[in-house]
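Dropping the structures in below, format is structure tokens.
Each of the two complexes below includes subunit A, the first together with subunit B, the second together with subunit C.
Our next item is the complex of A and B:
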């Protein structure tokens, strides 16, 4: 375990070397969210309804603000690292050392994202406070606590989703654009831009059975109180189950890919 | 031609220490495409798979504590061999044991006993000081605090890099970085070390440092080392034994010096004249390798050296004369070419 702890802290120190990049990242998060806030206020203003897609205006604003932050929080970028390792031959570094690659990458990624994750939590809390005054919105302490818990699980879950995808790099040489495309699709399907109810009830019911919504949509429902305590606990359990399943899948496809890699030579 | 160190390990005798390679073969598949757009379209639907044999039935044995040089032209199969021996690639067929382990099973115990250093690939975290990477290796290899402190102290002193330990790796010069690379690779005191072009791109002071360091490490720890390099000096200074591989075949196994004596029955006479001598006047003495009015380099047969010198003294006013061996590179190049001409030459 010691080795993974060291990897984690090395990741943290590594990320702190790039303060400017981090700041830009933060600013890059705020703009799309602001745009959304304007769009939704216009839509609610024009329609004159109290609720759209099951969300009142304050709830919707809370959703888009938090979704932007959560999407950033859970985005690990692991697929690019794995792709790079596979195609540049960097993978050899890990093969010759007594270290588990998946564990190494998880600790490395979480370590590298740690500081920005912590800052994201503060940004979100700040936004909530602002919303509290601006649109008359209340969250309970229990909801915040459960939300933070589900947020941590969401990050791990997202890591494994993208890790599984990234192992495709063993079979496909040019995969960078695929990652770009698929991450947008995943972001939308996870509820990273709108609540999934916007896409209609069919997708909403399907979305309960796929892991994607458990990375963004459900954690936010916990925070906003759309999901109660029992439902929240259920979400946490389902997150754990998905993490387990995808970890197993990721491991299998990693070993399968590796077999091909050592047999064929990349 | 002389028969040199043909391999003799029978299947049964697997050394627990050192390296044994038996009939190692490795094929790579690739796809061919003719030039032009038409064949690009054709390739979308049907691709012709080709097989290239990178290693052909390679066999050799390296004793514990030996430092062996591995020479060969680009694409000869050096890196493939090293990758197989460190478990990064599977062979298509054949056997290999490194300290008794089958490398491609990648057992944890095995990984803790060897190191793979490639001059062109870094294992350090580029944005952090080297000490951070060392600490990471300490925990990866589960090195005890006491051993870590001792080994690191020794290695840092051996290289004299104390002052650079806390500098970001990307701010280090290539030479300093390579030293850090070596330290990172040797922290767990590997018993077997594979070095793939360890001195590539370094200035000669840094090259000397690395070589001296490897020699010291070998002496102190009795580590087995296999070194590939295009720099003959690396091999000359480090290795008592050299294997030459060409087109996946082992074409030579013996001392580097012996290669010269097999191929080169030639000597170079470096002559300085007291007064200018025209080039045309020298043609009858041997092959002129270099000519300036006041000096010349003439290649002659080994047996004709004395006679030629006498003739030169008789014909011209000679200021100074020196006898050199033909450059080793030429002999090695001939060895590579012979390997390329295929099996009919057999082993040398």
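Our next item is the complex of A and C:
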């Protein structure tokens, strides 16, 4: 266990190595969120409706503010690391060490995301305070607690989604651009830009049966109050089931890939 | 004057040759071209999602109808294509850090020209320019703007001014590499600012509109062509649109010269 703890803290110090970049990344997250706030303000103002796409105005603002931060938080980038390790032959050094590669990468990613998670908590609290003072929008402590729990599970779930995808690097040589494209598509489908209800009832129904929406859309629904306590617990259970299924899938494809893997070098 | 024209023709010819070379090297690996197109299509999906929301709700952006918004989003996507196309500009930080400018310095012709027009990325530009042009045409049609020479001329003029601004702003952002060690943060911030053009400037509060027009005139890149033909600009604003392009180009040229003076070759 000690070795995985070391990897975690190494990840934390890595993430804080370039503090200016970290700060700019944070500002880079805020800019698109602001744009969305202006869009929805105009839209609700123009329509005169209390609720659109199943969200009231404060709920929608909370959604777009938190979705931008959650999307950044759950984006682990593990696919690029695994791809690099496979194509550079770097995994050979993990194969000969007494370490589980998946566990190693998971601790590394969680360590790297640790500081982001703390800033994420502040972003969420800031948004909640702002909405409370601006429009008297109140969120229950239980919703915040369940949201943070589902957020942690969302990060792990996202890790396994991309880990499964990354094992394709065993079979495909030029896959960097594919990862780039698929991560953007996944972000949109997960509700990282707009709530999935915006894309129509058909996709909303389908989205219940795919793991993607459990990384962004449903955790934020818990926070915004569009999902009740019972639904929140249901979301947590489904997240755990998907994590288990994808972990098994990832392990199978990893072992299948290793059979094909050939390390050449001195 | 005759000599100047001759020189200009030479630069145009060289730029065309560079274009052919870039296309040939891209098509050497067609799969790379296809995967580049796929990446851009994925990013375009985000841009179009915003348009989808506006269209499906039928909302007005300030005084602009959703049909008018199509033209603005089209211009933004088109300009993104132009930005992606100029990979010579975008690769400056890498070239400077690696010390690759040494070789270019020994070649005849302007160093700025050779660096910024030496390479083009067709894969990233193609989907953006195509979809952007289609959206601009669709928006134009839906707004029932007469396709007179005057209207087209004004639109193309401000589109060209936008292209000059895209080049100048992109160049200035890349040239910061001569003064700072890591450009990652600057690139992130510039990309975030650029994305504010995803929606017409009328969406934003007055203070942001003023900042985006006068202080950091990023809104001029994609808004002025549409606003000009819709008759939303007064004479001063029309002049400002052209003046900023000229000023930005001169400023980028001065910055290039200042940056090159700081360049120290570290190549072995």
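Operating definition for what follows: the second predicted complex is superposed on the first by the 261 of 266 C-alpha atoms of A that agree within 3 Å, B and C clash if a C-alpha of one lies under 4 Å from a C-alpha of the other, contacts with A are read in each partner's own complex, and residues count from 1 in each chain.
As a working rule, a residue touches a chain if its C-beta (ideal position, glycine included) is under 8 Å from a C-beta of that chain, and two chains touch if they have at least 3 such contacts.
Predicted model only: the values in this text are computed from it and were never measured.
Of the two partner chains, neither subunit B nor subunit C is touched by A:80.
After overlaying the two complexes on the shared chain, residue contacts for A:132 are found with neither subunit B nor subunit C.
In the superposition on chain A, A:114 makes contact with neither subunit B nor subunit C. Partner contacting the larger number of subunit A residues, of subunit B and subunit C: C. By the touch criterion defined above, A:99 reaches subunit B but does not reach subunit C. In the superposed model, A:203 lies in contact with neither subunit B nor subunit C.
When both complexes are overlaid on chain A, the residue A:8 reaches neither subunit B nor subunit C. Applying the stated contact rule after C-alpha superposition, one finds that A:181 touches subunit C and leaves subunit B untouched. Common to the subunit B and subunit C contact sets on subunit A are residues 18. Those residues of subunit A that touch subunit C in the complex are listed here as 18, 20-21, 23-25, 27-28, 31-32, 35, 38-39, 42-43, 46-47, 52, 174, 177-178, 180-182, 184-185, 188, 193-194, 198.
Listed in rising order, the residues of subunit A touching subunit B in the complex are 2-3, 5-7, 10, 13-14, 17-18, 89-90, 92-93, 95-99, 262-265. Against subunit A, the residues of subunit B that register as touching in their complex are 28-29, 83, 86-90, 104, 106, 108, 111-112, 114-116, 118, 121, 123, 125, 127-128, 132-133, 135-142, 168. Per the touch definition, subunit C reaches subunit A in the complex via residues 31-32, 35-36, 38-39, 41-43, 45-46, 49-50, 53-54, 56-57, 59-62, 182, 184-186, 188-189, 191-193, 195-196, 198-199, 203-205.
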